[in-house]
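What follows is chain A paired twice: with chain B in the first complex and chain C in the second.
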Partner chain A sequence: MCDTFLLSVHSIGENIKHLVDRPDGTYCFRLHNDRVYYISETILKLATNISRGKLVSVGTCFGKFTKTIKFRLHITALDFLAPYAKFKVWVKPGQEQSFLYGNHVLKSGLGRITENTNQYQGVVVYSMADVPLGFGVAAKSTQECRRVDPMSIVVFHQADIGEFIRSEDTLT
Partner chain B sequence: MAACSIEDVLAKAEQDEAEKLKSITVQKELDIEFDIGNLVAYDKNRIDIRQFREQKKDDFLRSLARDNTQLLINEIWKHPTERVEEVIVVKLPEPTTALPREKPPPKPRPPTKWEEFAKLKGIQKKKKTNLVWDDVAKNELHRLRNIARAQKIKVPGVGLTPTAQQSTTDLSRAVNVAKVSTASAGKFQDRLPKEKAPRNTGKKRKFQPVIGNFSSEKQRQLDLLKVMDSKKPRLDVNKAVNKQMREDDREESAAKFRKGGKKGRKGGNFSGKGKGKGGGGKGRAGGKGQGPPGGKKGAGKR
Partner chain C sequence: MGRKLDPTTYVKKGPGRKSRKQKGAETELAKFLTDEDTAPKRLSSRSRKRAGKRAQVTKKPKESIEKEEPKKGFTDENSEWLKPAKRKREVGQSDNEDDSDSQWEQEEDEGQEGGENNKGKKLLIEGDGDDDDLVDDYGALEDSSEGEGEVDGDGEELLPIERAARKQKKLQEAMGQESDDDDEDDDKRKSGDEDMDEDDTVQANLDEMDKFILPGAEEIAKEGVLLVDLQTIHQRIKDNVDVLSHFATKREEGKERTEYLSLLKKDLSTYYSYNNFLIDKLLDIFPVSELIDFLEANEIQRPVTIRTNTLKTRRRDLAQALINRGVNLDPLGKWSKVGLVIFDSSVPIGATPEYLAGHYMLQGASSFLPVMALSPQEGETVLDMSSAPGGKTTYMAQLMRNTGVIVANDASADRLKSVVGNIHRLGVTNSMICNYDGRQFPKVMGGFDRVLLDAPCSGTGVISKDPAVKTSKDESDIQRLAHLQKELILAAIDSVNAESPSGGYLVYCTCSIMVEENEWVVDYALKKRNVKLVQTGLDFGKEGFTRFKERRFHPSLKLSRRFYPHSHNMDGFFVAKLKKFSNTVPTTAVEKDGEEETKPSEAVEVTANSSDEDGPSKAGSKNKSKKQKPVPGKPAMSQKATANGKPAKSIGKKTTNPSTLKKSEKPTGQKKAKIAKMDGGTVKVDGELKKSNTVKTEGETTKELKEGSRFEKKGDKQRKSPTQSKKRMGKNKFNKLKKLLKKEEVGQ
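What follows is the complex of A and B.
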């Protein structure tokens, strides 16, 4: 499970070893109830005082493993992963709202995209003002994006910051 | 005449007054019993038959009732009183008379399904014997275990050595272990007609402790990331060679089939067990765009 998690996170950003190896303290990933949490060592030691059944959430939830053991990244990981994003997609102001409601990004709303993005590559979605909006998966490689018609999907939506309001109850 | 009438009137008036101020004390042969809780008085005095016959029946009964009521009320006033909203109220004691049942007695409830079944099968409730751990025996057990460990003798696990009271779980475990202890690890051991497959067999997954060695964990993760970062894919030479050979074989047989097809139909001679088309299709799609990120790398590692 460790490799599945690291793989999916690695596809988003390079240098995430800076998440593992931090100068300001030991942070680690812990699996609890199918969810992966990013916690500092001090918090982890405190969390061991709570029984497993009663512990709801620790630190920051990065994502969860689904029933078929696929890793699904949550929006709560955005603040940590956005600075290390390797492949970015910028969305035009008009389509921003649509993405924040959970829709996919169409070619018409695509502002910029990093060069050499492969198909099905994990990307971080930004607004034109360089504000990170969420995560996505590139539906087409950069080359294809150039050629395709304006109504086709270029980025599959995975998580967006609108979820902080939409799924307030279920966000751990 | 007038004097007579006056006297009569006076006498009558006196009589009335006397009657009104009749004494509240009543004399009775036998003291009557009271059950103040039920506001009941039991008068067990004999009735004077002569008096009963002489007087008018109504009057006799009325006077008797008046006397008894007087006694009852005297008795009630003996109990503690209190004032409730402008009314003087007496606190009644518990009733002493045993009243008969208001409703019929409850019928015995029908036995439950289990009770019927137990009766049918003759199952009695068995209490677990109070087995206490024997300290002397514990020492002996530990001594033998130490000997076994020192001399590196293998001892069977708990439950497999026969003890007095073996539960079903112990027995089934022993059976399963015995079944697997053949030369072919129980592969050819038949099960009885109604025997069920053993549960909870399989390797138990071992996890690292939650607070293990942080530095070693960090090192492990960094190494993993380094491998992922490295640009060159970790090639499993064997796998790659085999894959290549398989591809070549497929192409050869496909070419042969095409040639054979042109000459004369050799129907049903599908090369590569029907994988020819599938393999060709995959090859084409792979060339266009890469599969899920790190898929190939992942495959190499696993």
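What follows is the complex of A and C.
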């Protein structure tokens, strides 16, 4: 389980260490009801007071394990993963709304992309104002992106902040 | 002979076709023009008349002496009785008149032959005669009327139709003018009437009051059946309020205030669609004029406000970004550094990318207030007992800069989803979300530095958001809610750790304006627990009530704050900030359970807050030790008293002090002995003393906070209880004691 979890956080790479050892205390990941939460240890101690059935959420939910033990990353992890992302994609203002509705990013909406992005690499999607919008998977490598026609998909949509409104129920 | 042909002057001569052609325009016109310039040619009678008319037009302003010579000067035999047509119409219409008359004449001429001239002339004359009556004739025409009198008689016989037609023409004109005049008159009359009416209505109001009340049941019954116009009800309300505000001067004789009030209540509930219960309650809270403002304010929405999430952005940057999206906004007020009020927006405020990125939260302005009052500090442990939908929780988190711990609780699992969503969206990392009933809380976790309780309430302050409240709330609802709120506030107080170095505060707030849910609950808490009210830190808002109808609340209730939609332009709200000054729970003799509960809570507090072990654990240990060791119990008692601090003694127990003083000053017999024992004097009578001590310790343990005097009292009573064997000392023993005491006094 741990392996799949770490693998799915592939967009960060080795920077995961930064998440665990932070200057303001050690943080850890905890599993509760099939969901992975990222919390500091002080909160963890206090959370033991609350019975399992009644505890709804602790700290930040990073994602959940599906019934087939695959890890699905949630948009709620965006704030933490975004600063450590190695590969980023910037979307043009016109295409912002489209991505926020859950669509994939087309070549016509692609503003910038980090160099040396491999195909099927996990990326973090930003707006041109450097506001993180969500996660994705690169459909083409950077070189291919330059050559390809404007209507083809360059980033597959995985999670976006529009989900806070669209799928509020599934966050818990 | 050269050609002297000048095309302008050349005239073709001869019988040929070309010579018959028309000559140039100039030559043709020259004939006409010269005709007019020539001296008066001999004219026909008709043409003479026409000429006369033309001359009259030019000569009108002049005196009538000239008398239109051409008119009068008819050269034919008819000159005596034949008068020229008068100027009937105004100058502008003269030509038309001429034309029409001339047409008439022509038609007449064509139609008839014999008396044609006469007819025509008579026509004109008769028309003139009639005109005298209708139209304001010019001076010139009046003179000619003399001659016409003779003619009229004849004229009438001849041409009645024509005369009538002409008459009608003129009548119509005159009517046109008159009708205008009439309208003006009517308007004046009407306006005059209206003024009269208004004056009358002012007086009629008072008369109407009679009408409302006198028929009383009949009219009301009628109104109930028929649909009454809302406008009249509104007017009636205004008048009623006016009368009630100046009752002494404007009342009707014999009409009681209650009658006016009952009518007003009925009208208000009809006009604003409230049920009677709520109107009664509101009338108790507000004076009549303010009530109208309140009801009106509830009909319109409060402005949309947002709160900047300072964890992710600054208010300045957010405002800029939103303005770029086309939102019209302004800072909320001087009292808030993070609030913005939205006037209008071209994009949906709840769906902008900034919203999704968690840069702001849609929150009512009144919801800022309890968090500002609570002001949680960094590193504290805070509890939010009714946190859904999470606005206040996230505000607290941003004030704490994501440090410390926030426990967000709500009894409803559905609404908790919104809390989770908001917490994640706004980037709050120091939170725990749980789904307990708030009343269980001290058992789950205690020892919080600060607690916020936004109690479930009737919602009478947010009627503008939810108009269903107007009709759905009832006496039983309010009582049930008040009961729940009392339980919750006690649980909240028990969850606060009074010994907390930076806190020990509880903020109780509701979005309701009912006294039963606000001041009464806080007053109840003041009686039941060791808390006191402190300043909220909000410099605006109305003070809470210290008395209401038959109830009297603690005077410190005026430190709480009330907010109203009509005076502060935010939802109705109540905020009270309490400070807990002791972790112990004051209990009466009956409630021994309360004391036992405090022990586990204190134990929990010890584990939770390692820094605050001394106070509660000390108390706990002392409690236990009291039962075992009577003697150290006393110093423990005194220590406890000091640990509690002076407020423990000062609040509510002043009445006992004078009595204790009295007792100490006037010790008599057995009482004196007891007092001596209490003061720690030498104990001579062991057995009894031991008993009394044990009795006393029991008394102490059951009443920890009571002062020395109370203990004396209880000790006396305890001693006198039938279970105790020997109550009274023997004579000898008593005398011995007396002597001892005297020695001590002397010695001291």
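In this section, the second predicted complex is superposed on the first by the 167 of 172 C-alpha atoms of A that agree within 3 Å, B and C clash if a C-alpha of one lies under 4 Å from a C-alpha of the other, contacts with A are read in each partner's own complex, and residues count from 1 in each chain.
Please note the rule applied: contacts are C-beta pairs under 8 Å (C-beta built on N, C-alpha and C of every residue); 3 or more make two chains touch, one makes a residue touch a chain.
Note that the coordinates shown come from a computational prediction; the quantities given were computed from them, not determined experimentally.
With the two structures aligned on chain A, chain B fits next to chain C without clashing.
In the superposition on chain A, contact is made by A:100 with chain C only, not with chain B.
Of the two partner chains placed around the shared chain by superposition, chain C is the only one that A:76 touches, whereas chain B remains out of contact.
When the two complexes are overlaid on their common chain A, residue A:116 makes contact with neither chain B nor chain C. With both structures placed on the common chain, the touch criterion links A:66 to neither chain B nor chain C. By the touch criterion defined above, A:161 reaches chain C but does not reach chain B.
Looking at the shared chain after the overlay, A:108 reaches neither chain B nor chain C.
In the superposition on chain A, contact of A:33 is made with neither chain B nor chain C.
Taking chain A as the reference, the larger set of touched residues comes from C, when chain B and chain C are compared. With chain A used as the common frame, the shortest Cα distance separating chain B from chain C works out to 16 Å.
Listed in rising order, the residues of chain A touching chain B in the complex are 2-3, 6-8, 10-11, 14, 16-17, 20-21, 26, 28, 30, 41, 44-45, 48, 118-122, 141, 144.
Note for the complex: chain C touches chain A at residues 321, 350-351, 353-354, 356-358, 381, 403, 405, 407, 413, 416-421, 423-425, 427, 429-436, 444-445, 608. On the side of chain A, the complex with chain C involves touching residues 24, 38-40, 42-43, 46-47, 49-51, 54-61, 76, 79, 96-97, 100, 127, 129, 131-133, 161-162, 164-165, 168-169, 171-172.
Looking at the complex, you find that chain B touches chain A at residues 210-211, 214, 217-218, 221-222, 224-226, 228-229, 289-294, 297-298, 301-302.
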